[in-house]
Amino acid sequence: MQGQDGFVFHFGGHAPSRTVRSGEVFTVFTEDCFCGKLTDVDGRPREVAPYPKVNPLTGPIAVDGVVAGDILAIRLIALEPARDWGVATISPDFGLLSGTRANPNLQRPQDERVWIWTFDPGRTSLTTPTRSGPPLQVPFRPFHGTLGVAPAHGEVRLGVVPGDFGGNLDIPDLGPGTTLYLRANVDGGQVYIGDGHYAQGDGEISGTAIEGAFNTTLSIDRLAPEEGFDWPRLETASHIGVIGCARPVDDAVRIAASGLVRWVARRTGLDLMDAHQLVSQCCKLRIGNLVNPSFSVLCSIPKRALPA
Amino acid sequence: MQGQDGFVFHFGGHAPSRTVRSGEVFTVFTEDCFCGKLTDVDGRPREVAPYPKVNPLTGPIAVDGVVAGDILAIRLIALEPARDWGVATISPDFGLLSGTRANPNLQRPQDERVWIWTFDPGRTSLTTPTRSGPPLQVPFRPFHGTLGVAPAHGEVRLGVVPGDFGGNLDIPDLGPGTTLYLRANVDGGQVYIGDGHYAQGDGEISGTAIEGAFNTTLSIDRLAPEEGFDWPRLETASHIGVIGCARPVDDAVRIAASGLVRWVARRTGLDLMDAHQLVSQCCKLRIGNLVNPSFSVLCSIPKRALPA
Amino acid sequence: MQGQDGFVFHFGGHAPSRTVRSGEVFTVFTEDCFCGKLTDVDGRPREVAPYPKVNPLTGPIAVDGVVAGDILAIRLIALEPARDWGVATISPDFGLLSGTRANPNLQRPQDERVWIWTFDPGRTSLTTPTRSGPPLQVPFRPFHGTLGVAPAHGEVRLGVVPGDFGGNLDIPDLGPGTTLYLRANVDGGQVYIGDGHYAQGDGEISGTAIEGAFNTTLSIDRLAPEEGFDWPRLETASHIGVIGCARPVDDAVRIAASGLVRWVARRTGLDLMDAHQLVSQCCKLRIGNLVNPSFSVLCSIPKRALPA
Amino acid sequence: MQGQDGFVFHFGGHAPSRTVRSGEVFTVFTEDCFCGKLTDVDGRPREVAPYPKVNPLTGPIAVDGVVAGDILAIRLIALEPARDWGVATISPDFGLLSGTRANPNLQRPQDERVWIWTFDPGRTSLTTPTRSGPPLQVPFRPFHGTLGVAPAHGEVRLGVVPGDFGGNLDIPDLGPGTTLYLRANVDGGQVYIGDGHYAQGDGEISGTAIEGAFNTTLSIDRLAPEEGFDWPRLETASHIGVIGCARPVDDAVRIAASGLVRWVARRTGLDLMDAHQLVSQCCKLRIGNLVNPSFSVLCSIPKRALPA
């Protein structure tokens, strides 16, 4: 399946790589963030995938009939690992626990290290050897770090950027069974997908997840424009939520939480204060990433908490 | 049981209200953050509990034999609601989604509103009427918003402050079955407890949880000093974690995550980079509060992720 | 002179509006941020210049012979007001002392107001009537809020954005006699200029300066690439400095201050710690804006502080 | 003169070291932040002045007749260096350009270094040798880094803390000729002074100024309570300003700028929007420190900008 769609490194500015019908179920191959070129622990991340040629995106996928202002409901149906291994790194001047270009210091930069994680039998977990001790094992929790549309107002952004257009959100909830709602900023919507993660802790603090290629099955529904729709919305079987992207995290939470309060008010007829009260007593805040150009946070509540 | 311990409004500077033996199981009454005086929706929060006479603390409880530098393991055994209702408010100049004294703006302040939440039959949830629509219902999730010791270096802090001494952390994991580890800064340790919450969403974004009185059963074990122990640690049946307090949230996460990386390295013999990798691929970040003088975050991992 | 160059609303993605020789002195007309359409106190800013059609840029101006990687020395020679009035506004959901889209709250948005400032005789100050009292008067301090080049890596950004490519910096030092150094990211460099300010306090806290059109005389020198050149540098008769752009301000200062320390070390042969010591004892930090998508800070030291 | 007043390491909790009359001119000796014990470049800062025994404060000085709620006008009349040298350091885990306990990372900590600065003939500048090159020279710009009163609400804070009670502000404007206004939180006011700086760049980015002892002449006037007085106010011959303390810097600016807007409105009768407009077009923002438990910012405007 690899090769049907090419890879690009920006959001915006492209002709569609394919066009789908609203609701059509289709499958795409997504490469890992190192373009599949970081294959062993002696590899050099910044040589095999030099910035900004990182985080290759599959797409853009146009949706037939979508016009700017419509809402896209992107349903992630199945994420099938395309390889039996994933890769993770720690690099100088990157990650939450290091100075970075946006947050520099004068200390000596941290060293670089690469881990190759391989699936365990049964594929419910992954294991990696370590240099300093016993191997590590974590559960398989597949999701797409990056899922977005062409940005508003004619901007063109790098594939590592998250924002109101979605993008490099790194929210672990973006796995099988989840729907991400994004507003189309251009006709066709132009959906980009990539940055598969076999597992990731909240915040992606070291700078990468367990990065892996996927064959991903999804559909994109065209929905009518909706007043008050602004930042990305997410829905699972049990929860609804809003995603905010900003620095510092505090502001990302403000975007997500106030967005959810307004959405709940609109859905339920509650006034803002009662909706605020409800969200405040039962919301979950999930920090997606703390390492991208903007940080991302999901604020969600259980659907069953919504008054009938 | 009410009245055995008096209430105080600071951390530090008090003679003990009682002294317990290491490991002794005992029960305390804790008042709600409004001193039990906000009992109906027409009440005025800032008149019945004028700042800084909010967040009354039970204690301090001294632990026999503890000297400064020892570690206290505070085990929360049972939190029994002392009333059949709790109270929540939204107030001017307070909360994440409002300007505050530390983050002011020139907009008109939001209005004040009070909600009385009452237990549903079976006491697994609470319900409140609203002014604008149907009632709200959320699950009962009891915990103590405030649990701390006398601060280091002779400081005396208000009861609303969180920090390395614990305090007003508002981490929802601080419920039955959880152990909070704090370093004693003074002989006896001087443990303060209060701010019972019947339920609270992450971040306590509106400024209060469902505030309620508890009869709480706990024990405090004296443990030996431990090299590298700095910020509060938390343990449940399944997880271990570190709590950081700072503004902005980013820095609270840095404290919690780097603290957990160092703790994992120390426990497992992994070097810092391998420990960093493990935490990064499986940690949970939970934002406790975004409304106190410092914000609080818990970074935790499953115990089963620790290599043997 | 108006009309020789058209106006654009992005950095990047354009053919040059004109090409100049290195060192050539030339004059451009720059429109105010409201496209010259907000001319009286009853005007509606967001109707006359609806987002993102704000902050029109003159250019891009290509420099003959410049290739990507070269350094551009943009010398601001003279800023001649093109009108006898400027305009300033306060708007809902904008400014440091208001919730914004990136920092939202649930309070009622502030009202909108427009001030028309006119030059006093002698043109050393400007005066505006007020609605609530006596008129206001401030000194004339002309500068360009916006001066940048095409961004790196193929990004296209809105004209309101500041960054390592310069852009909407709003640093009041960018007036007559100042040189701004920027690295060319594309051949020709592609310089954009606009957003004339007749006066502005540090931080542009209300969201606008006294916005005015200019006929501006400048030159652009092509300099060789320079190792270690990263963020914009600024030079006046007496000072050198580095500009950082980030949120929160803390990080913008980190970029600017560490950039200046490294630059001083490189120029003087001092090691990083001695250069750090020098900068720390005599630097000035100037906050340009606190209202754009990134905040900007200049860290500068007197040239005479540089050891011979 | 040394020894008339003892030194303390906290704000709050002390009996007065002396009592003065309102308006009385008196002189105090203030020790440097290392208690005068760091006297050469081979000294070990954290051994000679181990935390929290740093930043010794002279005082507290009670003012006769002052009651809680009164305003104190602390006039700095003359700052006479008590020695011919000052000292500055860079230390591990401290400073804006390093990870710190509140902002940790996993990089190797920076090294420690000490500089001894000595007055040049004429005492208008100071010079220090360097390890890596020629000596450094900066102008003599004397001020007190620390000037505060007993905190509100019974808190006791370390001498390194700034806040609404003043404290470790590190605002370079706090030199000869400046008046700092603080609200008395307790009867007598209880003024603490120390942390003399012979020079300091904005932000005190390396973590220390050129630290030096002073014999300082000052007076403290008792003024009536004033509605709307909240954060510290500063007045010089030419400017008035408000100081905010918070993290991140953005919030410190919000406190200072909104405080000044409200003060200007109250003084001039302008409404908030007109006062906001005035401040926005002519304010200066000065960052005092970026290294203390809270960061500090002064927002000031020229007195001549105030409409008559």
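Chains: A, B, C and D, in written order; residue numbering restarts at 1 for each.
Please note the rule applied: contacts are C-beta pairs under 8 Å (C-beta built on N, C-alpha and C of every residue); 3 or more make two chains touch, one makes a residue touch a chain.
Because the structure is predicted, anything quoted here is derived from the model rather than measured.
Enquirer: Both chain C and chain D are touched by which chains?
Expert: Touching chain C and chain D alike, sorted by label: A, B.
Enquirer: Tell me which chain's centre, taken as the mean of its C-alpha atoms, is farthest from chain C.
Expert: B
Enquirer: Distance between chain A and chain C based on Cα centroids, please, to the nearest Å.
Expert: It comes to 33 Å between the two C-alpha centres.
Enquirer: Hey, how far is the Cα centre of chain A from the one of chain D, in Å?
Expert: 45
Enquirer: By the touch rule stated above, which residues of chain D touch at least two different other chains?
Expert: If we look for residues of chain D contacting two or more partner chains, we find 97, 104-106, 110, 247-248, 254, 258, 261, 276.
Enquirer: Applying the document's contact rule, which stretches of chain C touch chain B when the two form their complex?
Expert: 97-99, 104-110, 248
Enquirer: Considering only the defined contacts, which chain B positions touch chain D in the complex?
Expert: 10, 12-13, 51-52, 101-106, 152-158, 230, 246-248, 251, 254-255, 258-259, 261, 272, 276
Enquirer: Looking at the complex, which residues from chain A come into contact with chain B?
Expert: Going by the criterion above, the answer is residues 88, 90, 96-97, 110-111, 113, 115, 117, 128, 130-139, 199-210, 247-250, 253-254, 257-258, 261, 268-271, 273-274, 276-287, 290, 295, 301, 305, 307-308.
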